[in-house]
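For reference, the structure is listed below as structure tokens.
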Amino acid sequence: MGEDERAATIAAHMLAAEGTGPAWQIAIEEARAGYARIRMALRRDMLNGHGTAHGGMIFALADTAFAYACNSRDVKTVAAQASIVFLDAAREGEVLVAEAREQALVGRSGVYNVTVRTQEGRAIAEFQGFSRSVGGSVIGE
Amino acid sequence: MGEDERAATIAAHMLAAEGTGPAWQIAIEEARAGYARIRMALRRDMLNGHGTAHGGMIFALADTAFAYACNSRDVKTVAAQASIVFLDAAREGEVLVAEAREQALVGRSGVYNVTVRTQEGRAIAEFQGFSRSVGGSVIGE
Amino acid sequence: MGEDERAATIAAHMLAAEGTGPAWQIAIEEARAGYARIRMALRRDMLNGHGTAHGGMIFALADTAFAYACNSRDVKTVAAQASIVFLDAAREGEVLVAEAREQALVGRSGVYNVTVRTQEGRAIAEFQGFSRSVGGSVIGE
Amino acid sequence: MGEDERAATIAAHMLAAEGTGPAWQIAIEEARAGYARIRMALRRDMLNGHGTAHGGMIFALADTAFAYACNSRDVKTVAAQASIVFLDAAREGEVLVAEAREQALVGRSGVYNVTVRTQEGRAIAEFQGFSRSVGGSVIGE
């Protein structure tokens, strides 16, 4: 199994094992070593009082892409910190796409930049996640 | 109506109007001017593949407390940016409490520090949110 | 030596040992366990092209207070990450005061909130720093 | 004058006008629309007590590249917020290179990712800056 194939297996495994991904109806578009792109359609229960996507759900989507990307090399890795800038509102029914790219990997630390856009390409948020590996395999064997 | 009473009215109004708060079964413990403390019990659909609280849900709780606090003076205000540090894992059934405090308010910009702990006081995360007011009343009149 | 007295000794020791503090003419106003308050006068070589304090110098001051506070318990500790919100401009000759407070300490991780104000109390920036201890004494013995 | 040529003129103008760039002996390697790459050699007065680059100076370098990149379109723009992850230590005499790339530009808001490496390519820090334009030309005319 090549490293990109393994990364795709890991992302699918993580999505199946977690409570959140299925609850949020997250779909994986692409996962490879150091990279993940996922999408989520905005439902009414993901909106704030203004009828736009709750910042918590935008973050949750970005954080999920970050998790798949930082675990993609099959070393169990957790989020230590993350920062997000909110650029525009998104509405019910819009599909958000989060794309996570590995920016640096130094010892146990990693940095991943995640872009959140609508499916049509409108910028919604930018996210930077800081990960720490904790050791062990993600998919076991 | 005093400013603390108004802040409590605003928080209750926001919780009722949003899709997320009821979906996450968020309860307001206290809301006053520049301050909000809320809680949420961790359900299975809020967990990651390790069986602990998904970082997205921890952020979402903190972000909700931040939203109530930064709108507490009845000027519509949105999140521009936020940063979170994850300190410990939380498990299904545990109740998380997020406490948001206004740290600075300069023109249209505000900074709020939010602490997330379990009900027993174990530290889970620290959050700092940067808000920008957009004008208009939150509760209308 | 009590823990607050030791913290003051550590801060003075760190300031004397570093290249930056003397170069920036940083003065320690108060240092105790989990806390540091320091000041710095803005010189021409600390300004950006608009004639106001360069964001890098505002951060550097906050980061220095953070370093003294997170090392105050005599366990060598380094910055893993930090975030800053810029609230207002400061001018040449103004004295900036950075006040760092320990917000959480969990295992090897710490979170410190740092407020930067002018000596007159005008809010300039809010900072949140995430530290990791690396072990060993700061002042040796 | 093309947009990349104008960006190079702006960066040179900003470096000449500010107190910090000359004081830190910053050199511009490349500046074009939405992009800036600069370098700085680490001097003794930029080190912390461990004899490695002070986090404040690493941030200051990244923040300077961010400033040149976010002003590159000749609309005066300031930093609203920034976050940095520290990945490795750097020593006296090492040359640090900061490379800023525009990640998003939505209305008055921009997001820039900045990578800080040694000249040999060792990763030192990752930075994400959030800018707000304030209007007016940077170089005047």
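The chains carry the letters A, B, C and D, assigned in the order they are written, with residues numbered from 1 in each.
The rule is short, and it goes like this: contacts are C-beta pairs under 8 Å (C-beta built on N, C-alpha and C of every residue); 3 or more make two chains touch, one makes a residue touch a chain.
None of these values were measured; they are calculated from a predicted model.
Comparing chain pairs B-D and A-B by the number of C-beta pairs in contact, the larger count belongs to A-B. In this assembly, the chain whose C-alpha centre lies farthest from chain D is B. Centre-to-centre, using mean CA coordinates, chain B is 33 Å away from chain D.
Look at where the CA atoms of chain B average out and do the same for chain C: the two points lie 28 Å apart. Computed centre separation for the pair chain A/chain B is 22 angstrom, with centres defined by C-alpha atoms.
Residue positions 80-81, 83, 85, 109, 130 of chain A each touch two or more of the other chains.
Touching chain B in their complex are the following residues of chain A: 13-14, 17-20, 22-23, 43-49, 54-57, 59-61, 63-64, 67, 78-86. Across the complex, chain A is touched by residues 81, 83, 85, 87-88, 103-104, 106, 109, 111, 113, 115, 123, 126, 128, 130 of chain D. Taken in their complex, chain B has these residues touching chain D: 80-81, 83, 109, 130.
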